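I'd like to ask some things about the structure below.
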Amino acid sequence: MKRAELTEKLLDMKREKGWTWKYICETIGGHSEVLVVGAILGQMKLTKPLAAKAAELFGLSAVETAMLNEVPMRGEGITMPPRDPLIYRFYELVMINGPAWKALIEEEFGDGIMSAIDFDMVMERLPNPKGDRVKITMSGKFLPYKYYGATGNNAEYGFREE
Amino acid sequence: MKRAELTEKLLDMKREKGWTWKYICETIGGHSEVLVVGAILGQMKLTKPLAAKAAELFGLSAVETAMLNEVPMRGEGITMPPRDPLIYRFYELVMINGPAWKALIEEEFGDGIMSAIDFDMVMERLPNPKGDRVKITMSGKFLPYKYYGATGNNAEYGFREE
Amino acid sequence: MKRAELTEKLLDMKREKGWTWKYICETIGGHSEVLVVGAILGQMKLTKPLAAKAAELFGLSAVETAMLNEVPMRGEGITMPPRDPLIYRFYELVMINGPAWKALIEEEFGDGIMSAIDFDMVMERLPNPKGDRVKITMSGKFLPYKYYGATGNNAEYGFREE
Amino acid sequence: MKRAELTEKLLDMKREKGWTWKYICETIGGHSEVLVVGAILGQMKLTKPLAAKAAELFGLSAVETAMLNEVPMRGEGITMPPRDPLIYRFYELVMINGPAWKALIEEEFGDGIMSAIDFDMVMERLPNPKGDRVKITMSGKFLPYKYYGATGNNAEYGFREE
Amino acid sequence: MKRAELTEKLLDMKREKGWTWKYICETIGGHSEVLVVGAILGQMKLTKPLAAKAAELFGLSAVETAMLNEVPMRGEGITMPPRDPLIYRFYELVMINGPAWKALIEEEFGDGIMSAIDFDMVMERLPNPKGDRVKITMSGKFLPYKYYGATGNNAEYGFREE
Amino acid sequence: MKRAELTEKLLDMKREKGWTWKYICETIGGHSEVLVVGAILGQMKLTKPLAAKAAELFGLSAVETAMLNEVPMRGEGITMPPRDPLIYRFYELVMINGPAWKALIEEEFGDGIMSAIDFDMVMERLPNPKGDRVKITMSGKFLPYKYYGATGNNAEYGFREE
Amino acid sequence: MKRAELTEKLLDMKREKGWTWKYICETIGGHSEVLVVGAILGQMKLTKPLAAKAAELFGLSAVETAMLNEVPMRGEGITMPPRDPLIYRFYELVMINGPAWKALIEEEFGDGIMSAIDFDMVMERLPNPKGDRVKITMSGKFLPYKYYGATGNNAEYGFREE
Amino acid sequence: MKRAELTEKLLDMKREKGWTWKYICETIGGHSEVLVVGAILGQMKLTKPLAAKAAELFGLSAVETAMLNEVPMRGEGITMPPRDPLIYRFYELVMINGPAWKALIEEEFGDGIMSAIDFDMVMERLPNPKGDRVKITMSGKFLPYKYYGATGNNAEYGFREE
Amino acid sequence: MKRAELTEKLLDMKREKGWTWKYICETIGGHSEVLVVGAILGQMKLTKPLAAKAAELFGLSAVETAMLNEVPMRGEGITMPPRDPLIYRFYELVMINGPAWKALIEEEFGDGIMSAIDFDMVMERLPNPKGDRVKITMSGKFLPYKYYGATGNNAEYGFREE
Amino acid sequence: MKRAELTEKLLDMKREKGWTWKYICETIGGHSEVLVVGAILGQMKLTKPLAAKAAELFGLSAVETAMLNEVPMRGEGITMPPRDPLIYRFYELVMINGPAWKALIEEEFGDGIMSAIDFDMVMERLPNPKGDRVKITMSGKFLPYKYYGATGNNAEYGFREE
């Protein structure tokens, strides 16, 4: 069984039952909605207790439940550059603003990256008389580039100066 | 003169003078830092008054100042998929989470997109004992897909049901 | 079930019944033909009432009807650059004239874009003794780039000067 | 001399003189603005009389004037898929709606294409209280696919049934 | 049903019956061999009378016959750049000679293209003692680029000077 | 010196002198126009006597003349897929009709290719009241695939059955 | 039936029977091993007598046997650039040494190519105390570029000087 | 000034002086060789004190020294997939073994990644009678995927179960 | 049967039985875990005795067992550049550090490569109070580029100077 | 200085002096012609004594001579897939025959590759009344895939069964 086939099955059940994502997320619980929806869509792993709840909700077999508890091959089945307009707009933001973000983060934090792994994100609706807005708040741990020393694989794992 | 050559010249002066981005943004003022840095890097336009301040700071010619006031061919000179690790992490976030964001936004707002044009963004440092975090707050206007009617190019520009 | 499989089924029924697009659009009604045909081809969403009419026409199951009411992953299953000569000619128009359109729109409207979301379009046959012509009239809302201020995520969502 | 270098020179003069596209098009005259701007940007040819006017306006050499009168290698120097948001939106329209346009044109006109060569286009500003709109009216000659006969290279160049 | 599946079925029948292309083309008749073979391979449309003859020959259902009478999504299922040596050689001819053809056609005809739609082609065997040759004679209508005037969408659809 | 720089120089002189391709081809003589123009554009080699005539016409140095007599790195500097509409139409013909050509040539000649090396081509203007046509006659030697035997590198270099 | 499906069936039988390639090639006979294996893998055609022997060995139907006697769409189903290390090394040899081979062949033979169609190849094991070597001997007919004359499609099909 | 131009200048001086990498790394000191060489080649940043030593060694201007202290746009100027055989072999290792590494790391550590930022690496020569070997020892911090909770942007930044 | 289908079957059984990779590797034994897991995932070959053990564990047919003993088409079914974050980080290491590795290896060993074929690798967990680390030790045989002499295919197979 | 600029300079001198490759190779001596020409074209390294001879012949500076003695970034500046017909034919041979070569080499030698590093090659002219042939004899060391054991980085570096 491929993860994409499991996704297809889960979505068909969602259609058949008329469930909303909100209902699914509340029933499975535990994690943020982005993570639970991501797992249903085949990009995230559900922990064992949550996979069990999902199995109950969707009536899954043992193999299917185990698959939901596996880390999927992330990024599979996704078109890049995105073609769907909603997703493309995020891609465009990264493309156009990436260099400026890099300049500002490096000036503030030094050489390193914002982690996409130790990363948190909340999406909210922001009412606005000119048209409601999508508000996204995210934070990722800054990971400084390690400047390891000439002596090699030492206990310190590098040091950092400016 | 190409915009990339102007960018190169501005960055060389920044290096020579030892200016920080913070200093440049404060001197030019007006817009958010992301926008001003983006303009220096050739991805954004500075309005006339700000372009004038930039011209004063960097000692620019009339042609160069006019160029800063032009909308550039955005996205030019940028490698996609990004190769720089800092920018790539944002790209990865879009790639992995894009489908989940789409599902959640569409359930909340209906058919449409979060605008990448009517869009605001703030970047902050979030102190944290386990390692400081990059906090990004952004909001974009939700633009509903117009479902224009069968009568065509009418005054209403479409209507919207669910 | 994949959206592409639903499309395939709908097209087979169209072939079997000998229906024209005009007939299908009139029966489903409500929206412009471009939107209804787009939904049948898997690129657009039908609102609930229209999806119900389509379900009646094509004899669809609940899952299939729900799928027609979903926003599809737009752009999926489409070859880009287009290879079909009819579609390629439109692509060529954008490729060759894009920079001139950008220059003229920005001079007239300022920094921004023509929305592809708040967008309307009518296609007509223009009789002509030298050979009939395809006439396309379209209008999209101009969306000005927001130049948000240095104070960040403020209530105004930016301001705009030239 | 490369056409791109001529374009660069013409744009620098436009910046230096503070000319608008409107002014340039009125001075050169003759063709629509899309064509004249396209020629300045290196994608179109100016006829001899118009190239002469352009030469006078920009102070061009004989070689440069001759180059403006040449059909350029169209599409050169253009990023595809477009990255600039303004141009990308047109690309997105073709990508998402292409199959529906194909279905509707072929049902109305039969097998063939809308010419991108025998093609006319006007861009207008459409005032609207909810935000002005970009209105584009275009018409292209419909060219039916020739279904030439089994006898080959005959005088008729094919015939056409449905 | 996908067009590719219909193609597969037709080719299997050709193999089973041991038919040659010549036999198929003579039985279906009407058009040139390139067009009939192209339709069997899923790249061309057969007119209704010819589709009927093909249906009789291959024993097709109503849906399959209707599909043969549809304009297919041309170019689908074709590898580009071509990998098959026979097809690649034609691609190579276009790649290497394209710029020279452009220069010569534009000098002779002015700004425009040779139509790939109003286009005729005959392939013949040319006996030669050093090895027989493939002789291809083709002619396409020259389509001049329309230089429409500044007054826009006028009745004349442009004019043309040199 | 790069071949592209030589091409640029030759084209500048053509512009300055106002020479036509016809004049250049007649002056250099010897080969067909496609070959001579191809050599000026950097895709073909001129034999020594013709390179000498070109040198005289364009006033070339010894290094430049030697370069014209070299086989260039063919295909360099050419955009593929072609973007220029005139060249793209030829590409489209190969893409759409390639499989049919393959089927017909192989049925007539057996397994093999039409040579793109031992290849001849003439382009003519075909007057036509409905619009003049571009007529192209080409012939390439058919090269049968060698089915060499199990004994390997033998004197016969293979044999051929059906 | 697709050629890839036939390949899959033939390989499954090879696995089931435990046949070696050597056994298969000897049983089918006639051609070199490279050609016979290539045909089983879907890249080459078997002549009628050899296809008959293959049919006997593998127990093929008439349709399958006819398919083995067809020229396949060569290059289909092959990943390029190659990812398999064994095949990649050959690709690397062409990539790194291609320009040198071109220079040496053209100096020795003049303008032209080594045919990949009239081409023979033998692979041998070369015992060597430091590790056995793969020895490949190949020869392809040199095909000179035809420099056809200005008079066009003449009986001579060009001439050739240096 | 572009970073690539600085790299070119540094390499020319290395050639002129006949310096080895070992000598350069010892003179600049501080970091591991991989990092210092990476900085000279434009992929890493030298801290201020090391950039000063490099400036002394190579005789750099203030702008050049500042550039060496900047985080470069990493990955720029690098061909991917790699073409150089030495680098390609590493790429091949990732391509072929990536899925197995993923399976084993996830089973041992859970959902997460090995950091490429908090990462250390030593390269050594391993003498071996059958031919010396390149020994590479590397260690990267394991970063667990954060499974943030449904309450959103909380102080804990997620929790982790299996 | 395709290798990907066998992989799918093996993974489903692993899920059903709840086996760990460690258990599978210990049961099959013989090789390193990277190799055995790679074979299950379709990128490596199991020797006959190990394939037999795998067949016993998974209950495989003769065809399936033979397939596990075949060298697969390596690299098939793998997305490049990798999208999964865990695998991408390795790719990033090669991309960013490749040129430095090349410089250092060539200075130490001369012209050549580190073999990806005669290659060994061990992965370990390195406990660390700041977060455990993934430790990878690998060694590959250095293969010097052969500088074969002018006399050609001689017994020495080249010599090597600096 | 870039290697490509050195190549350009060397080729210009070759043109100016009218040297053949044969003359250059004989003067520099030592290696096979493929290697020497490859070094001149920027894909190979000349050992110190040969670089010295090349320096004398071409009158090179110390920096240029040092560059000829460096291992270049191989594969740089080469178009892939090749466009030049002569080089493309070799690429086509690998593409079409690669899978068959893989099958035959693996059956004869087991799991492994033919080295592209420990590799020798001779090119000869083979006179033939039907047209001379290019004969290429090459041999590469077979490198067996190492099947290292479960105990890891041991002294044996793996073992090999079938």
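Quick notes on this structure:
A, B, C, D, E, F, G, H, I and J label the chains in the order they appear, each numbered from 1.
In this text, contacts are C-beta pairs under 8 Å (C-beta built on N, C-alpha and C of every residue); 3 or more make two chains touch, one makes a residue touch a chain.
Going by UniProt, the chains are A, B, C, D, E, F, G, H, I, J = Cyanate hydratase.
Since we're looking at a predicted model, the values are computed, not measured.
Equivalent interface to A-I within the set I-J, G-J or G-I: G-I (over half of contact pairs identical by residue number). Superposing the C-alpha atoms of subunit D onto those of subunit G requires a rotation of 180 degrees, given to the nearest 5. Centre-to-centre spacing of subunit A and subunit H amounts to 26 Å, using the average Cα coordinate of each chain. Centroids of subunit C and subunit H (each the mean of its C-alpha atoms) stand 46 Å apart.
A separation of 42 Å divides the Cα centre of subunit G from that of subunit H. Subunit E has residues 33, 35, 71, 73-75, 78, 80-86, 92, 95-96, 99, 102, 106, 112-113, 115-117, 119, 121, 128, 130, 133, 137, 139, 141, 143, 157 in contact with two or more other chains.
By the contact rule set out at the top, the touching chain pairs are A-B, A-C, A-D, A-H, A-I, B-C, B-D, B-H, B-I, C-D, C-E, C-F, D-E, D-F, E-F, E-G, E-J, F-G, F-J, G-H, G-I, G-J, H-I, H-J, I-J.
Within the complex formed with subunit G, the subunit F residues making contact are 25, 29-33, 35, 45, 47-49, 71, 73, 99, 102, 106, 111-113, 115, 117-122, 137, 139, 141, 143-150, 152-153, 157-158, 161-162.
Residues 20-22, 33-35, 37-38, 41, 43-44, 74-75, 78, 80-82, 84-87, 89-109, 112-116, 119, 121, 123, 125-126, 128, 130-143 of subunit G are the ones that touch subunit J when the two sit in their complex.
By the touch criterion stated above, subunit B contacts subunit D in their complex at residues 1-2, 62-63, 66-67, 70-71, 73-76, 78, 80, 116-117, 157. Taken in their complex, subunit I has these residues touching subunit B: 81, 83, 85, 88, 92, 95-96. Across the interface of their complex, subunit J is touched by residues 8, 12, 15-16, 18, 79, 82-86, 128, 130, 133 of subunit H.
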